Structure formats: C-alpha cells, structure tokens
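Labels run A, B and C following the written order; every chain starts at residue 1.
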Amino acid sequence: MAENQTYYVPEQSKWPIIATVGLGVTLYGVASIMVNGKQGEPTTGSWILFFIGALIMAYMLFGWFGSVIKESRSGLYSPQMDRSFRWGMSWFIFSEVMFFAAFFGALFYTRVFAVPWLGGEGDRASSNMLWEGFQATWPLINNPDPQAFPGPKEVIGPWGLPLINTILLVTSSFTVTVAHHALKEGHRQKIKIWLGATIALALLFVFVQGYEYAHAYADLDLTLRSGIYGSTFFMLTGFHGAHVILGTLMLSIMLIRIIKGHFTADQHFGFEAAAWYWHFVDVVWLCLFVFVYVI
Amino acid sequence: MSAVADTHAQDHHHHGPAKGFSRWLLTTNHKDIGTMYLIFSFAMFLLGGTMAMVIRAELFQPGLQIVEPEFFNQMTTMHGLIMVFGAVMPAFVGLANWMLPLMIGAPDMALPRMNNWSFWLLPCAFLILVSTLFMSGGAPNFGWTFYAPLSTTYGPPSTTFFIFAVHIMGISSIMGAINVIATILNLRAPGMTLMKMPLFVWTWLITAFLLIAVMPVLAGVVTMMLMDINFGTSFFDASGGGDPVLFQHVFWFFGHPEVYIMILPAFGAVSHIIPAFSRKPLFGYASMVYAVGAIALLSFVVWAHHMFTVGIPIAGQLFFMYATMLIAVPTGVKVFNWVATMFRGALSFEAPMLFAVAFVILFTIGGFSGLMLAIAPADFQYHDTYFVVAHFHYVLVPGAIFGIFASAYFWLPKWTGHMYDETLAKTHFWLSFIGMNLAFFPMHFLGLAGMPRRIPDYALQFADFNMVSSIGAFMFGATQLLFLLIVVKCVKGGEKAAAKPWDGAEGLEWTLPSPPPYHSFTTPPEVK
Amino acid sequence: MRVHAKRAGALLGGLLFPAWSMADWTLNMAPGVTGTSNEIFSLHMTILWICVVIGIVVFGVMFWSIFAHRKSQGHKPANFHENTVVEILWTIIPFVILVIMAIPATATLVDMYDTAESDVDIKVTGYQWRWKYDYLDEEFGYFSNLATSKDEIYNRLDKSENYLLDVDNPLVIPVGKKVRLLVTANDVIHSWWVPAFGVKKDAIPGFINETWTRVDEPGIYRGQCTELCGKDHGFMPVVVKAVPEAEYNEWVAEQQAAAERERELTEKDWTLEELMERGEQTYATTCAACHQADGSGAPPAFPALKGSQVVLEDMDAHLDIVVNGVSGTAMQAFGGQLSEVDLAAVITYERNAWGNNTGEMVTPKEVFEYKNQE
C-alpha cells in the first residue's frame, strides 16, 4: 500500500456547516408548511424559510462539489482516495436500496397479510367482522371503509405506459454503459452523444411518468388517498421518480463536465458514481415494474 | 507533514488546530470531531437523564404529584429518543472518530469533511426535536417506539417536526457509518489484515454495516408516517387496507439491529480493556469476531420478538422465538471469552477495568432476562411490563453506558495527555454501580408483579419497589455530575500520561505519544 | 459473587417461600388461575433456574479469577489465548439447553393459539380510555370505566385498596367454560391483560386478534392496559369477575332485560332536567377525560366546549361531530358507542352546562332520526 504515503486530508471547510444550516432550515420550513397547512394557518413564512434553506443547499452543493472537483483536477487525490470514494458511493447506494426495501416490505406485507386478513382469510380472518362486505382483492379497488378512503375506479395496467417506461430505462442503462466505454477509450464526441441520449431517455421517462400520474389522478381516481393501493403505488413510484430526477441531474452535471473537458480515460470516478447510481435506479424500476404493475 | 498532502493554496498550517470557535465549526480533524461527538453525547445524556429524573420523581409515590399524564408521556418519549439517538449512538461515533484512525494507523478518517457534516447535523436534529417541547400540543408523547396510529392520527402537531428530526439523525448516522467503513476498509496500515484488526475496529465495522442497513428503513417508516399524517395515505390505517402492525414490523426491522448498534462497539472496547488489565491476551479472538458477525446477522431475523402479543400467526411466532433464542449462543461465547481472558491473568482494578467487569456481569444479567423474554409464551406475561424496562436498562446502562465510561477512562490519558483522578473515578464507579442496580433491579420484581410500563401512576402494591427504584435513579443521576468533574479536571491538568499508561495494553494507539499529534499517523506504521 | 449471590438469595427466598414476601414486596410472577398461566409460570421458573445456574458457574469462575488472580497478590499471568475444544463445547452446550427449552415453549404456544370450540364469545374493544365488552351470542354489550375517583388520583382522598384497578362494570365470565375473546380497538392500539389468566393480547384498530381463557376458580381478577394508548393509558384497568354458571346465566338475562329497557327509553319523552342529569354522568365517563369536567378542554388537541361556537349555536354541526367524530383527530365517532339516550343527554348537557345556557335540548328520538336519515 505504497499510496498511503500521500493520503489527502482536506483543510478546514465551511461547506459542512453550511450544509447543516441549509438542511435544517429547509426541513424546518417543510415541516412547518405541513403543520400550519393542516391547521389552516398561513404558510407564507414557512415557504420563505423553505426557499432560504433550499438556496443555501444549492449554494452548498455547487461550492462543495466544486471544491472537490478542483482538488481532484489539481491531482491531490491518490488512488487510495479514489477507493474511499468508491466505498463511500457503494455503501450510499446500499443505504438507498434499504430505503426502498422498507416500502417494498410494506407492499408485500399488505398484499400477503393485511388485506387478506381484512377480507376474512388466514390467521386473523375474524377481522372481517369489523368490515362488513369487504372482500380482499388486489389491486384493492374497494377499501374496507369506502367512505373514509374511496377506492380508485381502476388502476394502471403494466403493458401500456409502464412497459414503455421499462424500455426507456433499460435502454438508458445500456446507453450510459456505452458512454462509459467511450470514456475509457477516450472518444469524447462519442461520450457526449451517448450520455446525451441517456439524459434524453431519462427526461422522457420522467415525462411519461408525469403523464401517467396525471391520468391516474384525473381519470382513474387513483390518488394517495385511495387506500393502500394508492399509498404503496405512489410511494414506490414517487420515490423512484425522485431518484430518477436526482440521477438525471447527476448525469447532466457529468455531461457538462465532459463538455468542459474533465475526466481522463482512467480517472473519472465522478462519472462512474453517476453511472452506478443510474443502474441502481434502473434495477429499482425493474422490481417496481414486476411487483407494482405486473404481479 | 510529508505524508499528508496539503491544498496547494494553504500549506502554512496543518501542524495544529486553528484558533477559536472556527476550529470546531469548520474542522476536518477526526480528533476534534470525536471530541465534539463526545461532548454532545454527554450533554444529551444529562438532558435525557434530567427527564428520567422527572419520570422517577413522579413515580416515587402512587398518585399524580408533579406532572400531568400528558407531560409524563412526553418525558418518557423524549427520554428514550434522546438517550438512544442523542447519548449512546453519538458517544460510540465519538469513540470511533477518536480511536479508529489511531488503531489502524491512519492519518484521519477517510472522508473528513463529511465527518464534520455528520456531527453538526446532530445538534441541528436535536434542536428541532427538543423545540417540539415548546410547540402547541406539546412534544411527541407516543413513546420512543412511536407506534401508529397513536403517533399518526392521534399524534400532536409536533409529530411532523419529530419526523424530520429523525430524518436528519438518520442522514447523520448513515454518513458517519459510511465514513467508518471507508476508513476501516481503505486506510489500514500496511500489514494489518482483517483478522489482525483490533476488536473495537471489528465491532465498529459491523456496527457501521448495521447502521447503513437499518437507518434507511427507519427513514422509510417515518416517511410513511409523514404521508399518513399529511397526505392522506393509509399505510397504518385498516379502513384504507393498511395495518397498524405494519408500522411495528418496519420499525422493529430497524429497531432490533439498532439495539446491537448500541452494544457492539461496547463489546469491542471491553475486549481491549479486559486483556489490558488482565495482562493476558484476549481469549478466542477469532471466535469473538465470528460471534459479533453472527449476532449482527441474526439481528435481522428476530425483530418480531418485540411483537409477540400483536397477533402474529403461530408459524411466525415460533420462527422468531427460535431465532431469538439462538442469539444467546454467540452472546454466550463472548461472555465466556471475557471470563476466560480474566482467568489466570494478573488482574488489577483501575476504573476502566471496574466498569468493564461490571459491564460483563450486568450485561449478562440483561442477557438472561433477554433469554427469558425470548420464550414467547412467557413473553405474554412479561411484555410491556417493567420486566422489559428492567431488561433493556440492564443492557443499555451497564451495557452501553458502562462500556462508554470504561472506554472513556481507558483512553482519557491518551486523549488529554493527563491521568484522571483514580480515586474520584472509582467513587464514580461505585456510586454508579450501586445507584444503577438500586434503580433497575427492583423493576424486574415490579414487572413480574404486573406493573405495566409507560404509566404515570400505579396501583398500591407497586409502591415500595418504585420508591426504591426512584432513590437509586436519583443516586445514579447525581453521580454522573462527578464524571463531568473528573473529565474537566483531567483535561485541565494532572499527572502526565505516558504514551502507554496501562502496562497490559496492546495496539497502535499506544505507540503514539499522549496526546497524539494533530494528524495521527502521518507515516503509516508497519504491522507485522 | 457476593452481590449476585445475595440477589439470587433474595429471589430464591421469594420463590420458595411466597408467604415470606409481603404483598407489597412481591418478587415473582404469580402462577395464576388458568392452565395457560400455570404453564407459563413453569416455563418462567425453568428458564429462570437455567439462568441462575449458568450465572453461578460463569460468575463463579469470574469471581475466582478476581480473588485469586490479582496482580496485587503477585499472580503471574498465563499466556493462553485459545482452546478449540472449550470453545466448541461452550457453543454446543448452550445450544442444547436452548433446544430443550424450546420444546415446552412450543407446546404451550400451540395451546395458547387454539381458540376453537369456545363456549362463550366476547368481543373486547379498547377505546381511549376504557374497554367495551360485547357478548356476541347474547347480543348486549357495555363499557367498563375506571372507578377510581380523581380525588384519589390527585391525593385529595386516601387511596382505596384497589386504587386504579377498579371499574364500574367488570367483564363477567362463567367458570369452567372456554371463553373466546375477540380483541380489537376503536382508536389506537391497546392491550388487554389479565396476569392471573396468562392472557395478553394487543387490541389493534381494524383487526381482530383472538385469544381464549378458561377460569376454574370464581373470583375477581384484575389487570391493566399494557400498550401505551395516550394520556390515560395508566387509567384503563381490566377487571374480570368469574362466576358459577348459574349466576352467570342469571346475570346475562338481567343484562338482556336492561338492554331492552334502554331501547325503550329512546321512545320516552324526556325533559331538559332529566337529560341534563343523565348527560352529566355520560359526560363524566365519556367526555371529561379530554374536554375536562368544566368543559375547558386542553387546546389545541382537545378544544374547549365551554363558550364554543359549535356548542352554543350550530346544533347540526354539534350532532355531526358527536355522532360521526372528526376524522384525523382524537375526536371519535360516538354514534356507535353511546345509545341514543346518552347521545341526546350529553349533547343537551354540553349546551346547557358551564354557563352555556342555551336552553336548547335534543331528544333521543331526534338523535335516532338524525342517525337514520344519513
């Protein structure tokens, strides 16, 4: 481990404390928007707080990543540092996997246990006594208490838009890999084309997903409020969508850096991290497609 | 200086810390950050402890005397949250920050700026959490396990703030854990293979893995709560096809590994301290490592033993009972190893050793009651009584907290360069030991006699033991101020500490002077 | 060893000679009065003894080292640090002990889960903060409220013998019969526990958990709610009266007659005074926990009723809130919990108590019509 000799320890940095203040203010703002909104109180102040926090966060992200990029480009990072980043990113993605695992767990639990029990099957079948006339089905169209939670008229089938989205994302995983190979071979023009294509596919996915949501809300009465089907559906696809947007941002920044001439054939961890993240987003979608739409 | 590369612009410092408050605010140094974690944790320990004193004062006698039930519930909730997330976890992260680079021969943590962020998020999160006490409707009052729907439909408005505070704590823990893993996997001195790592490093590696695996699940469950409260979803509401018990499954999937997160680093520290003061190598190093690994893996498949009474189908009930009982095997191996390490050593009993030995004895008692709780039919009688309160306080107070005290006394000379006052430290130990047992041992009896937990008032047959317990708690609480005094004294001065103040201690951290240089190992040492 | 031995000694004393331990210094679980509770007790004692024996061995070795292998006594350290045989042994032996322990535990658990072939079915519903018992086959039900007065709780009166463990209407069950309990909740999670029966089951809103008991000795058995359910979690005891079958049947007949009388009361013409009188009682048991005896509430969670717009003016809104509840808040729908008479009485009371002198009243008949027009 000869490279230990030059392990880089950064100077004091203002970014973490700015990030703390930014995150704290943003989330405090979000919380008070929700709490005041629910109690019917004015939320203007909360929104201002939220925007201030978001601005601080944006400033921090540019500044912090900017300084990391600068350090990296001035050759301060050793291969050992590179490994630290790799471990860091891998475990971060693992934590994201576990975050989704919680929601998938909720989906499996309600489908396999809770809904059948409420419908009078299985170990807690007598629960059905409390919900006269309720029948367990999936997708759950009629909720146990239809007054409190009016169910959706219909849910979204897998073989329309979701299939298109699956094709879009799988293709984008492919194009980002082609771009990666191009980077390793040093074909910069080729990178731009394939990375650009990846971003275009991602944006198209987000658009299609947005269209599907609008359709669900406007035509199908499938909303967050339409019982456990709507809850799990929007929670899983919604958080996935948020991650797609985040991944698209990452890829876009990589494209900008490529255009600015960053990265070399053998030093481009930033790009790889974004690509890893993109593959993760893709795999989550495949699970979603199978467990939310198809089965 | 040679080994630590500098930014090109500012190569004039790096020899020592910056001056003033900015040293702490902007630092990227693992020791500064470790110190801040430890100070923060102790402050939270006192705050959470004060709440415990309120609880014990109300329970001193039957009847309502000091606080109303609403406020009592806020106290039990905040006491639990603050102790778990504010006192115990940050204390271990503080110890990790200080000791991991020293133990593996690294200059610092792998990701120093992120390290700073991980720390500063904590005061931010707790500021939000504690501020809920002053909000209209009061602070969270649904217990530290915040079961839905008491915490969703029936929760106070401040619940939303509580949820975001938990999110921030989660981000902090996950980043801290990523940092720990990257440091351990990537920054070890040449020659230090995995099976040569000190046990504290091993236990922290596994703890960090647990943290990354389960903190996101906690984030997931509070997010579902947030959606149920504010956006009309029905995850935990049967009228929309959800299930309140779903909350408990997801929560305890986080919660059980969390329990080990709070104890594994203490296992590691005690595995250094007992050999040091027995002047004899640790017995069964390899089996210790495997045992910790086994405990961590098992911790993912036992969560429902917290929920034996919720109406789980019998197959599930049996599975979780067997899996839980199985944990006794690796835990037993660890205890046997510690005892075998002491056996035929040359023992001396300085404060770290006193705390470590008390740790082994009292944690084992907590383990015994854990084994009893694992027997599902018997759990129907123990569940949610003071027997459970006794059990988890026995694993957390003489487990986690005594582990932290033992570590603190063990490494204080290294950190400060001064020896602490041994007489005061021993006083601290004995008063804590007596106070703690007086406070928590009677709770076993109360639980077996049928006293439910989380009640502000109780039937008359529970009066005597509650009074004893309160007296013990006050004693234990007051004693902790002594610890503050000892540490302040030690930081300010005292007998100079040698590089290796304990003759039996082993490890790279003792090869550096006390206190160690600002950048720990500027040249990586060679490990044979 | 000393500390531990002493403790174990105290524990043993309590176990072997229960008469020594005064009621107030109870050390151990009681065996209880059902087959289940006795099985649990014997599991508890077995595992406790296993722990005590392991503890004596392990701590024995430890304390031996502490006394004999001290540096101050000049003991020189040995240098061994592993022994494969010992390590394998102390992995296998605990495992075998656990397997032996798991067998009776499994048998007990299987028995506890067997709710089939019951003689009496009772639905137990947890409310904030009282229990409701519905006799499913006999078609009547009632609430069971804490009977300890506020004066005792706030130390203005001496505490009675069954302080916090007394209710107005206990659950009544026949001895020697298998009673199946269908446990559920109306609002948050509660847990129904009677230690003497070895029965504890969480009451989950929207779901029903089944459990059962068979009590052989007549008597009064007391327990408490054991799942944190809000501010009065400590104030919702469970009291069960087990009576001989003949007495039970007599009691059931009385209850059915009383339920019938209650239905007739709906038809009666009530005066304001009568409604106020009844409303005061209903208010005290049902509403005062949150809205306070003087109607001042505890805002923002529990609004004040005294001087409230809804209570003073809008009768329809008042009826709606009381009958249907307010979703997303702690205000429950009382339409299904209270009889028409009680609903009418409590609404009338709220509109005329504490200076809310509207002079308005609503009759049980009107409430009945309101409920059925929906």
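Here is the rule we go by: a contact is a pair of C-beta atoms (placed from the backbone, for glycine too) under 8 Å apart; a residue touches a chain by one contact, two chains touch by 3 or more.
Everything numeric here is computed off the predicted structure, so don't read it as measured data.
In this view the innermost chain, defined by its CA centroid being closest to the centroid of all protein CA atoms, is B. When the C-beta contacts at B-C and at A-C are tallied, the pair with the greater total is B-C.
Separating the CA-averaged centres of chain B and chain C is a span of 32 Å. Centre to centre, using the average C-alpha position, chain A and chain C are separated by 43 Å. Along chain A, residues 39, 117-118, 124, 127, 130-131, 144, 148 each make contact with two or more other chains.
The set of chain B residues touching two or more other chains comprises 157, 237-239, 243, 245, 311, 314.
Residue positions of chain C with contacts to 2 or more other chains are 206-207, 209-210, 300. Residues 3-4, 7, 14, 23-30, 36-37, 39-40, 43-44, 47-48, 51, 54-55, 58-59, 61-62, 64-66, 69-72, 75-83, 86-87, 90-91, 94-95, 98, 101-102, 105-106, 108-110, 112-113, 128, 152-155, 159, 161-165, 187-189, 191, 193, 195, 198-202, 204-207, 209-210, 223-235, 298-301, 328-330 of chain C touch chain B in their complex. Against chain C, in their complex, chain A makes its touches with residues 39, 117-118, 124, 126-127, 129-131, 144, 148. On the chain B side of its complex with chain A, the touching residues are 2-8, 10, 13-14, 18, 22-23, 25-28, 106-108, 110-114, 116-117, 120-121, 124-125, 127-128, 157-158, 160-161, 163-164, 167-168, 171, 174, 177-179, 181-183, 185-187, 189-190, 212-217, 219-221, 223-224, 226-227, 229-235, 237-243, 245-246, 249-250, 253, 311, 313-314, 519, 523-524. Those residues of chain A that touch chain B in the shared complex are 1, 4-17, 19-21, 23-24, 27-28, 30-32, 34-35, 37-39, 64, 71, 74, 76, 78, 80, 83-84, 87-88, 91-92, 94-103, 105-106, 109-110, 113-115, 117-118, 122-124, 127, 130-131, 140, 143-145, 148-149, 223-232, 234-235. Contact residues on chain C toward chain A in their complex (touch as defined above): 123, 182, 184, 206-210, 300, 327.
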